[in-house]
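Order of writing sets the chain letters: A, B, C and D. Residues in each chain are counted from 1.
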Amino acid sequence: MKRIDVLDGQGWVVLEDSYGDDLAIVNAARQSFSKRSATMGPAESGLIHFLMRNRHGTPFEMVDFRFNIKAPIFVAREWQRHRIASYNEMSGRYVELEEEFYLPPLAAVREASGKPGAYQFETMDGETAALVRERMRRDYEGSWITYQSLLELGVAKEVARMVLPVGIMTQFTFKTNLRSLFNFISLRSAPNALLEIREYAGAIEELARDVAPIAFKAFESSNRVAP
Amino acid sequence: MKRIDVLDGQGWVVLEDSYGDDLAIVNAARQSFSKRSATMGPAESGLIHFLMRNRHGTPFEMVDFRFNIKAPIFVAREWQRHRIASYNEMSGRYVELEEEFYLPPLAAVREASGKPGAYQFETMDGETAALVRERMRRDYEGSWITYQSLLELGVAKEVARMVLPVGIMTQFTFKTNLRSLFNFISLRSAPNALLEIREYAGAIEELARDVAPIAFKAFESSNRVAP
Amino acid sequence: MKRIDVLDGQGWVVLEDSYGDDLAIVNAARQSFSKRSATMGPAESGLIHFLMRNRHGTPFEMVDFRFNIKAPIFVAREWQRHRIASYNEMSGRYVELEEEFYLPPLAAVREASGKPGAYQFETMDGETAALVRERMRRDYEGSWITYQSLLELGVAKEVARMVLPVGIMTQFTFKTNLRSLFNFISLRSAPNALLEIREYAGAIEELARDVAPIAFKAFESSNRVAP
Amino acid sequence: MKRIDVLDGQGWVVLEDSYGDDLAIVNAARQSFSKRSATMGPAESGLIHFLMRNRHGTPFEMVDFRFNIKAPIFVAREWQRHRIASYNEMSGRYVELEEEFYLPPLAAVREASGKPGAYQFETMDGETAALVRERMRRDYEGSWITYQSLLELGVAKEVARMVLPVGIMTQFTFKTNLRSLFNFISLRSAPNALLEIREYAGAIEELARDVAPIAFKAFESSNRVAP
């Protein structure tokens, strides 16, 4: 199991397991022609590029991945809008959450200009950034104290957690096929995607690329548009 | 547009639009037999019960609903795990959120006993419940003040919102077909479902039942298991 | 209900019902900004183009269509590979099929050159085309006679129909949302798509365009690539 | 790669690959509780039964299978109505089909009584069954001759194949997760399912059971209703 830490070590992406590879994509496509390849060669590589270019997406569904993700809730919320995938997530109804809140590194404390959908972001000056972080930290701490005090009063975990911020860390299993993963990477590594989810998309890409390297080359050649 | 308020008036379910009805279900099923009905009668009603009983689910997909929902984020999180549906939600990246936080009514301040997956819930005594509410209210208030102060420092909305709790209200469009809706209602109105989402499931059911009353009767007769 | 005949009058596309329109797309997208439009204007039109260009696909899911289709089985087979849709089809297990077989018009009797995936098609000369049609007609007739004779022997319809050709006509309900429909149209009206399904894609497009004309303009402007 | 022949040796099911197992189901479910199991034991087995009984379906999505199927077109047509799956199929547009037609064994030549949806089937007497088979064989042969003669005239494969019967054999890749597979098996091995597809469902079940034996035990205990 390979793991990549993200968000300054506060989150991670683990590739737990996968099956299928470039050759499985080729042979799924060759199914249409009643043919099969035993190994990858120039013709097989060319076929994968052809499939990507012409948006023949189904053969890319033949590769499948299971990841374990640790991320803030506000990242998990965007992530789980991707419907062609399977998820299982830690539940604040069943477990007491841990005191782990995402605090953006100084360089990630940013201001926005421009219109929604076309924001420009810039890192804030160091002093303001430090102040922002300090206020966030203190607010997180306050919410944590409230959460603990509510649990001590005996209230159900599912009620107490209502005060916890969307910056708290959660953990979930994410299983999906390569076609859907290309769509995830395409949208979530784009320049206008949320900074934090872009780091996850980058880690996902790095781990998945090893499984199907030619498919990722074809993805690059097609301007990173999912087939 | 019909609207039902839930959570003590703090949230709502609005049925914005729908199409299809009991007759559309019947005629989709009759497609298999190259037949068509012009109106609902005993035979049509019997057919709907037959479909439900025998888990012929696809004809129920012919009825489609678009709802607008106002709910706390922790409810929206459970909701959006339902993948056979379309969603569009308010985004804390683009808009400044409003100061609206879910505060459970006294009767909903509960304690849990038993094992996860089989909890028993009981309302807490009035004094403790009042104390819980007061602590939640104060914590919400503190987070709101932090949020506002971060925005005043000029930080991007998408950063500032990280401190906001999962008890804050959000709003989203929810479009789905009746088959998927039966699954939602079946799971989210069950006794072990989260109290708050059960209220939404009840409101959804009330609004949807008017659109396809016979289908809902058949759903009842089949122990509320989705086809 | 609007109907367009295709394949020389041998098949059809009927738009039975739909809901949602350009404005529903706009308001689903504006959900992100907590705004709403009452009517379509230049800003609304611009937003739809923006969504299409930037592949924000979910708002297009808010428009939904129910069609009735009459088509040869070999067309239905390609069609039903589109998974984000609901189908109900006439069944040869339950009904005796009718003696309706697709016979390509002279202009559609074609020969192929080039490689699979990049065929060039050309209409055959009139004499050969007539011969092709005549042989097809006779073969269809033979299969029909066998089918009838098997039914007369008392064999179950589901066995007798095994001899019927994929050129026989079937009928099915097809319900899907506009985003999925754009994908269908994009792939099935492309130059390398099967000639017969291209006619259906054209009819679908003509009927759907009336429901959401601005969305279709944006689709054209984006090179007919589904969002 | 394990293979099971079906339909009297005329078709097959091959399990090409899979990933995930009973333990993957358990650990996906335990994700909710932030726990993990290293091996299967009584508690793990009990959890799988609990999940099945209470229709907690998502953990079963963590097991995934890729099959290769050889089946008559009329079977493939029913099969591919299952939408939570990935398919790639041999195409009569790109390859010349082979002379392989499904001929039901004598015991499978049946007559039906009763109403659609509740048919009773009975094997026909030997003489009639032989006659049925002989007529089918001759009709298949005639269609094959027509197909060949059309190809010889130079007509495109996609036109010539229109005369081929739905009893001709096709081949396709079928990839899906265990939750969706339970639904397939549940519906397609039921007494009122098509005789031919029931054989495939049986072979699928036999091959998949080895991958996740406890999950299949739980499926049996829950009356073979998919979670």
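Definition applied: a residue touches a chain if its C-beta (ideal position, glycine included) is under 8 Å from a C-beta of that chain, and two chains touch if they have at least 3 such contacts.
Nothing here was measured: the structure is a model prediction, and the numbers come from that model.
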| Pair exhibiting more inter-chain C-beta contacts, B-C or A-C | B-C
| message | Fitting on CA atoms only, what is the rotation between the copies chain A and chain D? Please report it in degrees, nearest 5. | response | 180
| So what's the Cα centroid distance for chain B and chain C, whole Å? | 34
| Distance from chain D to chain C - Cα centre to Cα centre, in angstrom | 26
| field | Centre distance in Å when chain A and chain C are each reduced to the mean of their C-alpha atoms | value | 35
| query | When you check chain C against every other chain, which residues touch at least two of them? | reply | 32-33, 58, 81, 87, 94-95, 116-117
| remark: Residue positions on chain A within touch of chain B in the complex are 72-74, 77, 80-81, 83-84, 87, 92-95, 102, 104, 108-112, 116-117, 119, 121, 124, 128, 131-132, 135-136, 138-140, 142-143, 146, 149-150, 153-159, 161-167, 194
| said: Could you list, by residue number, the parts of chain B that touch chain D in their complex? | reply: 32-33, 50, 54-55, 58, 81, 116-117, 187
| note | Counting only contacts in the complex, chain A reaches chain D at residues 17-20, 24, 27-29, 31-34, 58-59, 61-62, 64, 66, 86-91, 94-95, 171-173, 175, 177
